[in-house]
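Next up: some structures, all given as structure tokens.
Shared chain: chain A. Partners: chain B in the first complex, chain C in the second.
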Partner chain A sequence: MYLTSATIFVHNFKMPSTEFSVIVRRMPAHLSKFCRLRRRSYHSYDHLPYNPYTPSQEKMLSSALKHVPEYGFVKQSLVQGCRDAGYLDTTHAVFQDGVFDLVKFHLYTERNKLAALKPQIDEEEGKSIGKRIRRYCTERLKANEPIISKWTEAIAIMGLPQNIPQSLEELAKLSDEIWFLVDEKTSDFDWYTKRASLAAVYSSTELYMTQDNSPRFEKTYQFLDRRLAVVQNAGSSISNMASWASFTCFASINLLQSQFSRG
Partner chain B sequence: MSYKHMSIPILRSSRARVRAFAPAGCARLMEYNSTAAQSHDTANAKLPEKFPPLTPEARKFLSRLIRVDQAGELGADLIYAGQHFVFKRRMPSVAPLIQHMWDQEIRHHKAFDDLQNRHRVRPSLLSPVWKIAAYGLGVGTALMGKEAAMACTLAVETVIGGHYNNQLRDLVRILDEEVRTSTNGRASDELRALATTVSQFRDDELEHLDTAVENDAEKARPYMLLTETIKNGCRAAVWIAERL
Partner chain C sequence: MAFLPRQALRPSHFLRLRQVVHRRVFNVRYLSGSAPLGNSNAESKVGKDQGTEATSKTTHFGFKDVPEYEKEELVREVFSSVAKSYDVMNDVMSFGVHRLWKDHFVAKLDPGRRPGGEPLSILDVAGGTGDIAFRMLDWASDIHNDHQSKVLVVDINDDMLKEGHKRSLTTRYADGSRIEFKVQNAEFLDAVPDNSQDLYTVAFGIRNFTNIPAALRAAHRILKPGGVFACLEFSKVNVGILDMIYQQYSFNIIPLMGQLVAADRDSYQYLVESIARFPSQKEFAGMIKDAGFEISGDGYEDLTFGVAAIHTGVKV
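Right, the complex of A and B next:
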């Protein structure tokens, strides 16, 4: 019996180490840049949030954003931003992805502004999830209004092959942020379908917005309403389908049981 | 903290092997919780200072921890659900025992669901797969008999107990580092609470393991085939759930 135990004994004991980083194996540096897609999704309440930008980078990029309505998402905005922040013109080389870093910064700052709106939106829209999602999408789209003339440029930059993974990550983060702010609590596969559907709605609406000339972007917000209605209908029809299927299943089982119990 | 003084005894019963490491986490946790109780100043309550941001490695570890534990509790919940479904009809005397263990698993599942929502961790992508597999395993082993069902519980709880132990070991290491680098010699409440939760759940799972052994788990035939298949299946599921 000892021999059998010895042969099947599996060491699930990890070798101790003083360095925590050894526990979770790190990717080698030359490969890690291809895997930036990996999101470290864990939000802590006791720890300060993880900021991917240093204070000087934030200063440069926020000044650069002020020049975007004039120059667009081009190197000139970055250079002007560095100048305004008090650095040399050539400091823009710090941003390895160039103008894409500027686009990402815009997405990052606008996404983080949504959390501040939560008390107001909760008060105004009450418990309705659909209405609150509409409000958050609307507020986020309004943030694009000042630079909408340059937004097609930004979308083109985001669509470059080397930028696509990070652009999708930003879209996913926005979708996750909105669902989190409406206090949605799902723990199974629905978590993914909800976020995917909202990401699709938001990105299609943003694209529509770039070619919308109506006053105050009314047509964009109507487009948004239509897209959200489609998703809600799909959601309710799937749950109706599931109810029907489970009812049919149990009814059939009961019927079979009653057949076998006869005679 | 050195682990060299702890030898790994090769013991007959799998549960004794798991138990050998159980005290390690508990002693440290009691130490952290008592330090917290001493330094808590109720007369002069200020807003708690925030700790420096977690490293990407720590966040990756914590998100994996919550994801895999949530998937594990979902699996355990449904295994007992499957076993209860069969025993309620075939062997009603065993049903209350299964119901008791099931109730604890439901509690664990709910706790991890809450943690997953609170900390915005993404759940396992293969949740539907885990649901079907776990329910099928529960029903299948229950149809094989009471001993087989108990052997299934033994196998699953051995893997889960060892897995929680490993997580606890790493969590305690994170807590150590936080204490070392913090200004007031305390770790964050959030992480201490998480470690306490994992420790309590580990103890509950080991209790289920003991219950299974007391209820003729080792009399199941074929014992080795059944338990080792289930254990390896669980280990594979744990590895996949951590990543997917």
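Right, the complex of A and C next:
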């Protein structure tokens, strides 16, 4: 589920899967032949980068995005984009989802640009996870600034019933991308709660940004800080709650079992 | 074995079709010596000269296998016999949903000259009765205020085109300045120059083509760079239970309805068999890519759970 096309990071950071191969290599010989552990390739950096857009589609959609500040997320932008790319007025019909394809393209390209910022952000923010997450969120929000005046149209398009599954997938991919880029290594249920909470923070901040008129969107970034602080506090209290609940549950079950076994 | 023509008491089209199929499929001489049926293009004459004992390639005509050069004529016969009641047939078979499908198809293509653009040149293939052509012209005129874009309707069957021309006389395009009807074979499109069309549409016609890859290559040839290929066709239902119901309906009820409504069971039997033989959505999208088109995403959109599908591709 670490879906990113940044294979350049194969060499730059330690892959969790190398720990697996270390375990296999250090196993006693008479056991390792029974164990089929070998390096799995379920991380996206083990596969070739996959671009769902052909070069001509990229050309059309990126020139269409340039017209969005003027016309908005409407067919007109798409048609102008096709014209600028050197194609015909009818070419927009090839996009199966119409204007939603334009929205998806914007989300896809901006998400993929985050990976290139990793070296810079790691250097500037050090080891702090909270600070790095804040940096990634602000960089991603900055990418919305040129089209923020028309972003409410995009949100409306994303909210159409036939588009909701794909919009939620894009949000989940963005949240996953940011957590992956901060090198978090949880392997329990927290993996899901972290991504869900970041998705909620990011989407609420983006919505706030559409109504923000402050200079350089200061109020938006303050809003982001407040949301992240709430999540950090809630995160520890929720995990404390979960620990308490699981302990109570197992303790009660053990108590009942001991009662029945008494006879 | 000699096949004697029966004195028909039943509608002549029904019997003629059975005779044609029987004669051609079983290589039987026709004693009464009547002329070959239907129009003949230059291309199909070549095949006929080879005679009935030629071991030419075979293709499918519904669930039967027929020599390739025969299929064109058999298809022409089917549509000659259904031309007049084509709309009624469609309404009865799909409970009127075909109108929604066609409206959605045209809305998706959104044809029309845009401000600052050129008038469009649209080619509608196998669109004999003009369903799609009229819808596109109406859309361009009403939505985009475009009174200059033109549609060229081609079909292999002259009867269907005559029907379409008759209908055009009752519309605002009666003067013929925006719509033209021509007999053409979709695999060659002789009268259409290279790189001349903005939009190529084929609605419920491509499953009847003898050589679909050749038709796709011809489409690629005549489209301008940036031109769009759009195909609306019956396809495979993607939900298992619905597929079972659909198959039962297709093979049991539709030929019966054809017999009751249009007195032509064989044509409708051919139609449902040809739907079953048509490739699935993914296979057809692959064929479109092989012809040189570029697709976006999967390249198709399912309508009504896959009963019909719209495939689009662009020539780049």
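Basically, the second predicted complex is superposed on the first by the 190 of 263 C-alpha atoms of A that agree within 3 Å, B and C clash if a C-alpha of one lies under 4 Å from a C-alpha of the other, contacts with A are read in each partner's own complex, and residues count from 1 in each chain.
Basically, a residue touches a chain if its C-beta (ideal position, glycine included) is under 8 Å from a C-beta of that chain, and two chains touch if they have at least 3 such contacts.
Everything numeric in this text was worked out from a predicted model, so none of it was measured.
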Would you check which partner chain A:K75 touches, where first means chain B only, second means chain C only, and both and neither mean what they say?
second
Contacts for A:D176 in the overlay, against chain B (first) and chain C (second): which applies, first, second, both or neither?
first
Just to be sure I read the superposition right, which of the two partners does A:L88 touch: chain B = first, chain C = second, or both, or neither?
second
Return the chain, chain B or chain C, that is in touch with more residues of chain A.
B
Have a look at where A:L255 lands relative to chain B and chain C in the superposition and call it first, second, both or neither.
neither
Between chain B (first) and chain C (second), which, if any, makes contact with A:A116: first, second, both or neither?
neither
Look at A:T54 in the shared chain and tell me whether it touches chain B only, chain C only, both, or neither; answer first, second, both or neither.
second
Where chain A meets both chain C and chain B, residue numbers:
none
Complex contacts: residues of chain A adjacent to chain C:
52, 54, 56-57, 75-76, 79, 82-83, 86-98, 101
Residue positions on chain A within touch of chain B in the complex are 1-2, 4-6, 8-9, 11-14, 16, 20-21, 23-24, 26, 38-51, 176, 180, 185-189, 191-192
If you look only at chain B, which of its residues touch chain A in the complex?
1-3, 8, 10-12, 17, 21, 48, 50-63, 66, 70, 74, 113, 116-117, 119-123, 125, 127-128, 131, 162-163, 165-166, 169-170, 173-174, 177, 188-191, 224, 228
Which positions of chain C touch chain A when the two form their complex?
108-111, 113-114, 116-118, 120, 198-199, 224-228, 230, 294-301, 312-314, 316
